[in-house]
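For reference, the structure discussed in these notes is given below.
Labels for the chains are A, B, C, D and E, by order of writing; each one numbers its residues from 1.
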Amino acid sequence: MESLGSIIAYFIIAIAIIVFSVLAMTSGKILRAATYLLFVLFATAGIYFQIGYEFLGAVQIAVYAGGIMVLFVFSILLTHKPGANAPRLTNHKRWLGLSAALLGAGVCLYSLLSYGSMMMQKMPDNFSIDIHGIGQALLSTDKFGYLLPFEAMGILLLACIIGGVVIARKR
Amino acid sequence: MDYSQFLYMPQELGLLVVFLLVFLFDTFGPKRSQSSLPVLTAVLFGIFTVCNGFMLMRGTAFSGMFESTAATYVMKVILNIGVLIVLIQSIKWANSEEMAIRRGEFYELLLLTVFGMYLMISARHFLLFVIGLETASLPLAALVAFHKKRYESHEAAAKYLFTAVFSSAIFLMGLSFVYGLFGSLYFEDIAYQVMNNTSAMLVVALAFVIAGIGFKLSLVPFHLWTADVYQGAPTPVTSYLSVISKGAAAFAFMVVLVQVFGAAYSKIWEWMLYAIIVLTITLGNLFAIRQRNIKRFLAFSSISQAGYIMLGVIGGNEIGLASLMFYVLVYIFSNLAAFGVAFAIEQQSGKVSIDDYNGLYKTNPWLSFTMMLAMFSLAGIPPFAGFFSKFFIFASALECGEMSIYILVLIALINTIISLYYYLLVVKAMFISPDECGIERFRSSCGERVAMIVCTFGIILTGIVSCIYTFLVEAAQDGTTMFGLLG
Amino acid sequence: MFGCGVYGFITRRNMIAILISLELMLNAVDINFAVFNRFLFPGQMEGMFFSLFAIGLAAAETALAIAIVINVYRAARNVDIRQLTKMKF
Amino acid sequence: MLGGLALCKNMKQVRTVATVGASALMVLAIYLVIAFLGERAAGNDAEMLFTQGAMTWFEPLNIELALGVDGISVVMIVLSAFIVFAGVFASWKMDPLPKEFFMWFCLLSTGVFGFFISIDMFTMFMFYEVALIPMYLLIGVWGSGNKMYSAMKLTLMLMGGSAFLMLGILGIYYHSAPEGGQLTMNILEIAQNNAVPHSWQYFLFPMTFVGFGVLGAMFPFHTWSPDGHASAPTAVSMLHAGVLMKLGGYGCFRIAIFLMPFAANELAWIFLTLTGISVVYGAFSACVQTDLKYINAYSSVSHCGMVLFAILMLNTTAMTGAVLQMLSHGLMTALFFALIGMIYGRTHTRDIRKMGGLMQIMPFLGVGYVIAGLASLGLPGLSGFVAEMTIFVGSFQHADMFHRVFTIVACCSIVITAVYILRVVGKLLFGAVQDEHHKTLTDAEWHERLSTVTLILAVAAIGCFPNFFSSIITEAAEPIMKLFA
Amino acid sequence: MELSYTVAVLIIPVFMFLFLGIVGVKLSKKTAGILGTVAMGVTTIIAYAAALTYFFGTDQGQVIDGVRQQLTVLDLTWLEFTKNLVIKIGVLLDPISAMMLIVISTVSFMVHLYSLGYMDGERGFQRYYAFLSLFTFSMLGLVLATNIFQMYIFWELVGVSSYLLIGFYYTLPAAVSASKKAFIVTRFADLGFLIGILILSFYTDTFDFMSLTTDPQAAISTAGGATFLGCSVMTWALTLIFMGGAGKSAMFPLHIWLPDAMEGPTPVSALIHAATMVVAGVYLVARLFPLYAVDATALDIITVVGAFTAFYAAAVACVQSDIKRVLAFSTISQIAFMITSLGVASPELHHGVGYMASMFHLFTHAMFKALLFLCAGAIIHAVHSNEMSAMGGLRKYMPICHIAFLIGCLAIAGIPPFAGFFSKDEILVAAYANSPLWGVWMSVVAGMTAFYMFRLYYKIFWWNNPDYGHHTPHEAPMTMTFPLIFLGLVSIVAGFIPFGEFVTWNREEYVIHLDWTVAGTSIVIALIGIALATVMYRKENNIPERLADRFRGLWTAAYHRFYMDELYQFITHKIIFARISKPIAWFDRRIIDGTMDLLANVTNSASFAVRRMQSGSVQTYVWFYIVGAVAVAAITIICLI
């Protein structure tokens, strides 16, 4: 894994993520923004694949790209006349947003970098996980087993479904 | 695979049973008897609450992911009491014309959020914690949006949800840092490692975690959604939000900070909390002074109350935990009483401005009496429970004996004067202001009355009957795992 | 990316755009978890699972959020965030 | 347990009043008489230092429901009983919502009694606040003039004081025992341990002293007093000036001085200066007021300043004087306010410029007022003299020149007091009748007479047989003041 | 002790006071008056009995080695400050208190009797008698006091009864303000007294007269030479105590209340403001004389104050037109004589004769001044005016009064054999013995006394004969004339009492022997004064006018009592009220109270200011959120690292 190629690939993906997310945020057209988001999501999945979490990547694509994006697109179509441009931002708002964003990003970066020495470790080799292991862990009650969160997640989704139904109902 | 471990969480399971029964009744029950659903829920929940008395199972399940101690048990019971009161209060409202169609969902969502809170309290793993947190907050957005016809309700829901998601993003970010630092999300593991860590990343992580939970508690500066949402949401939901959800968050906060980061180098979080408490109490009060809408007013007052609750956390000891639980209990009674009155009046006349309360005593003496008790209790006036809870919380904060804490408590105390001012404004409106009252004499519904009576007794008795507090302290001492690492 | 999300949240007027920015933020977190897991603590898969669950959470949130946005749209015929300032002070 | 008795009786009355309503007024009054007579008899017997019956209340913080009385609290209770008794009669015809009025009134007295009998800091503090809050409603609902402002100001300022107080109490609690000992809220135990570190005393003493000092109307925290008194209804003014302000003095000595003798000794000079100022300052302020109640309120500032002043002298005689002064001031201020209330009830003005010659119209009230005035300016044979002389003599025994000079400054107040009292008496009662309408007014009715006479008798009793009271008090003060010997 | 019945002289009046005060309204006026008078009569008899027993009793222990002993007849603890500082209420009999017993009871009884007629028909007759009883009680208590604090107590009571009696006509603004003034001025003086007591008791640790005076040197030495502002504390204490006395005895500059006090009923003036209360100051100094005797500075102060006042008051008395005012100033002047006499009475000079002289003069003065006042009362009763201009030629209408008044005038002028001659003579002796300056000074004042008294006499009884219209003055009723006659007789014979045998500073006997050089001079001076008055005022003429014109400035000044009242007015109103009280009140409302209000307002406006944070926009909320979180983190990092 420790090849030059993978590093280069990693950087390409990383840059893609950054570029697309910036584009998603600055693009004037909402539909275009959604598309950029889609790219970001794919790129993320790419990272997952690259570091060996195939299952995660798959889920990412399935849920995000498949589910959430569809929702987005639908809602955009529902609420927008096609081709409407976002009005220009006021300077005031831009500065406000920029300051907050930079501050947030700055602090995160600072803390990450201050922690950086550890980050520069080599990625451990010979790493592989199988779907079976994941399945076991999901239903295990031992340490690093996730039966309870799994069940809880189910309940959360149920709650959200009920909530969504309630909200979406006409009356 | 040992599924018997689920038996360690009887309260959660019991709650789910209640939920299922309600759900089934709502879905398959006869159409005609649907209007008895609220009563049914209340009764079921009441039975459940009572049964809780026999449900204490101490122990750790799922390899340390879930823990049940006397302390968590008591916390849940306290929440149950609050939920029960809310349920009783909302019986009439739930049967109203507008609500009839969504009645079942209201209770289902409510119970599910309670479940989320249980998880939050008992979770000893951040993943579970996050799920609990989200379960407790996301469905609330739906509840907030329950007033279909009112635009404010939607606006509030949107605001709530956006802020909630934003804050959970921040929270998760903080968690990812924590994970990056310690490589585990089990509270236990983190607590062992946190001791000698001084990196800036820990600080940032802590700040984000505090921000994430602080959102639920509406601590300043993470509080700004509070007033708008409280105002926009249907009143029972508001009272639920302000009391139950906040109480649960407070418990969880205590657990996270003390158990997980309790041993952090020079107690970094105490200083963060220090600043936040000062801000919370002061700004909450300052905002509250100018409010004329009773719900917004109560929102800001609850913000400053949250600041006081945090004083118990800063103490970080058994007394602190007990005082915190006590405070929340008392707060439940007082605030629900206040909301109950506000709700009854809103139901009756649609009036929500404090100015409309002028001369209320002449037309509705009992309502105004209850309101007055609530206000006095919130302001911390003896012999009502609020006084005791405030006193204990201050006492617990001061136990460490540092001068800085004395100053903090002094600031808090000075703020109680400001808060007294605006609480008295309400009392003044009801009792002193001479104007003719715009609210006619009316009888509040049975459920509302029962709830108010319960609250009134709670306000009066919780403080004076000392065994409650003593019991809480014992319960807190039982949760020794929480403090075992502090030594 | 996280910063971008924040920026987007604050500057965009469209509620859906805001949701998009929230997605960005959550994604950032996911990546963080996954990467930390892979690089620092490869022994267990906690980070990965966390990401997994976080994706689920994000989905749930989005669903609810979109429902609400549509609701608001119904009520106000608009998805402009500036509409949401009726209650203040 | 005489205090407990008083407490119960009051509680019972609250219930009686609440249930039977306005018709219970009569019963209430009778109840009061019986309770207080019994209490006085019991109080006279209770000359032993402490009658104890402690019950643990909140075990985690070692809070006890400890009751006990010594000579000082006994006389304070007798004082309260007298004033409540008189107050009930003075507010005989309370107009709107009499039931509520008496309920709050009873709550107020409950707080007062509870405060005096507690020997546990927590319960003491609790009762202190219990006594404060009814004031808000009593003034707000039944007051007159700018009542909302006054009520709010009064409540907030006093609560501000109690904020400091609470911090002080908690601070004392956490230093109440030597290292490793069982922390306690019990005042006696704390005093016995005497373990509050000196450095902490420097911090806690001002906290508690200022906390109580606000209620004791110490300069510059006295401004609630004129407004509050001016707006309050008669009985409330009576009880407030008569008893509630004494809570301040009592608390100052019972908590601040008793528990922290070191700082009391070291910091006395600061507060001595403040109280000295308030003695003279209050008197001067009273000279130019035109509202009867304002005059009296400022005079209270002056007199209560004297109480704190004497307490700070830290010797038995001055302490005795302080308690006597509390008694005396309590009674005569109550008398004043009762009379002012009665006069106001007839003339509907409190502006002395608009009244005159009332002695011809209502001789009973006039004579009462003159007696109150004479008591206030320290006429021998009435209580004021005894108290002030004890204070002056006691204070002057202080070894320090600074204290003695301040005593002389405080002495000056007796002249100023004479000036404003005589000014009022002259304008109000003597001279020609100012307002023709006043000529038709009637003199006091029986319940008013009863109220007035009770107080006058009490004032005269102290004035004529002071040694009886002073020996009770001295006995109680001596062990405390030994701390400073 | 068989003298313990003396205490009855205290009990009877106080009982009468309470009785008349409480149930008096129910009694008829006559009953009340008679009751009061009878009670007073009984009191008088007891007082006489006590005094005579004391002076002439043959009981062992009363006189030891020629020294009359002080007898503490009764001593009840009234209030215990500390172990040693105890206020007791008791009865102390010694020469001066016994003498005062006689004086007070006599005059008081006379006044009671006189008032039956004088106050007849007045509103509040019962009240009047109640107050009189109160006064008698307090005054007797004062003189019988066993300790300085008891004296202070009764001192205050005396002040109050004086206040009540001056303000008896409470509907008259003048009376009200006069009573107020009297009380406040004496109160101010009492402040000095009180502080003096405090200082004295602090150093000597006792209030008791006996222990204070038996060993004055010891008392002084316990003070250990402590000084304050350059003077020894004992001097301070004694001077301050004297200040109290000066206030009561109307010494300059604290005299201003006395002339105004004449607004009260005339018998009251006679009793309180001529015979008894005003000499309390003298009595006080006399009581503590052994202490004063060892402190020369204090004595000098007393002398100077006394002498100046004597002159000043005499000068003012010469031009007043209100007869009671003249008498008031004359009283001031006479009391100043006594004070001076005490001041010059160093024990080493002439056996401390000044002390005896002072007491003697006190005794005689009480008699003739009461006489004069009662006469004045009778006259006022007859003509319904205080002004001299409304009188004249009254000798025809009121013969008894005329004679009595003349006796009084002669007595006060110091013409032998009337009482005043003997006592005044002794004073002059003492003054000369101390220093010729004081001797001459006092002689001059004595001359002035004769002048103004006879000016008064002539103006009332001779001068012209105004038109009394339909209301012809007539002789007063029997109840009023009897006291005049009685006191007149006393004034004639009192001088022959061998006073030195009874009252001296060290309580040993002292034989009075007239020093004829001094006596002669004084007679001559007095005669000159009388002659001058005769020339100017016997018949109506314009000499006084012309003189007044000639010395217009001086005359006006004197007429206005050298503007002392105005000065006081200025101080009280312009300085105390306007410069101290008003600003303090303003300060209190604006600054102190303002600060409190300001705090509230600041809170309010702060609340307004932070309002903008709650803009209603989610984005702003979030901005605050993230910035808050980051700031918390950043600050913590900066603090930690």
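Just so it is clear, contacts are C-beta pairs under 8 Å (C-beta built on N, C-alpha and C of every residue); 3 or more make two chains touch, one makes a residue touch a chain.
Bear in mind that the values here come from a model prediction, so they are computed numbers and not experimental data.
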| item | value |
| --- | --- |
| Both-way neighbours, i.e. chains that touch chain E and touch chain C | A, B |
| Minimum number of chain-to-chain touching steps separating chain A from chain D | 2 |
| Most distant chain from chain C, judged by the mean position of its C-alpha atoms | E |
| Chain whose Cα mean lies nearest the overall Cα mean | D |
| Furthest chain, CA centroid comparison against chain B | E |
| CA centroid of chain D to CA centroid of chain E, Å | 36 |
| Euclidean distance of C-alpha centroids - chain B vs chain C, Å | 25 |
| Where chain A and chain C are represented by their mean Cα positions, the distance between them in whole Å | 9 |
| Computed distance of Cα centres, chain E from chain B, in Å | 77 |
| Sites on chain D at which at least two other chains make contact | 156 |
| Residues within chain C bordering two or more other chains | 2, 5-6, 9-11, 40, 44, 46, 49, 53, 57, 60-61, 64, 68-69, 71, 84, 86-89 |
| Per-residue overlap in chain B, given as positions that touch at least 2 other chains | 127, 131, 134, 138, 141-142, 145, 157-159, 162, 166, 173, 177, 180, 200, 203-204, 227-228, 290, 421 |
| Residues of chain B that touch chain C when the two form their complex | 126-127, 130-131, 134, 138, 141-142, 145, 151-152, 154-159, 161-162, 165-166, 168-169, 172-173, 175-177, 179-180, 183-185, 227-228, 231-232, 290, 296 |
| Chain A partner contacts - residues on chain C that touch it in the complex | 1-14, 16-17, 19-21, 23-24, 27, 30-31, 34-35, 38-40, 42, 44-46, 48-49, 51-53, 55-64, 66-71, 73, 79 |
| Of all residues in chain B, those that touch chain E in their complex | 158-159, 162-163, 166-167, 170, 198, 200, 203-204, 206-208, 210-211, 215, 220-222, 224-225, 227-228, 266, 268, 271-272, 275-276, 283, 286-287, 289-290, 418, 421 |
| Chain D residues touching chain E - in the complex, by the definition given at the top | 153, 156-157, 219-220, 222-224, 226-227, 281, 284-285, 287-289, 316-317, 320, 357, 359-360, 374, 377-381, 385-386, 389-390, 392-394, 396-397, 404, 407-408, 411-412, 414-415, 418-419, 422-423, 426, 429-432, 466-467, 470-471, 474 |
| In the complex with chain B, residue positions of chain A that touch it | 107-108, 110-112, 114-115, 139-149, 152-153, 155-156, 158-160, 162-167, 169, 171 |
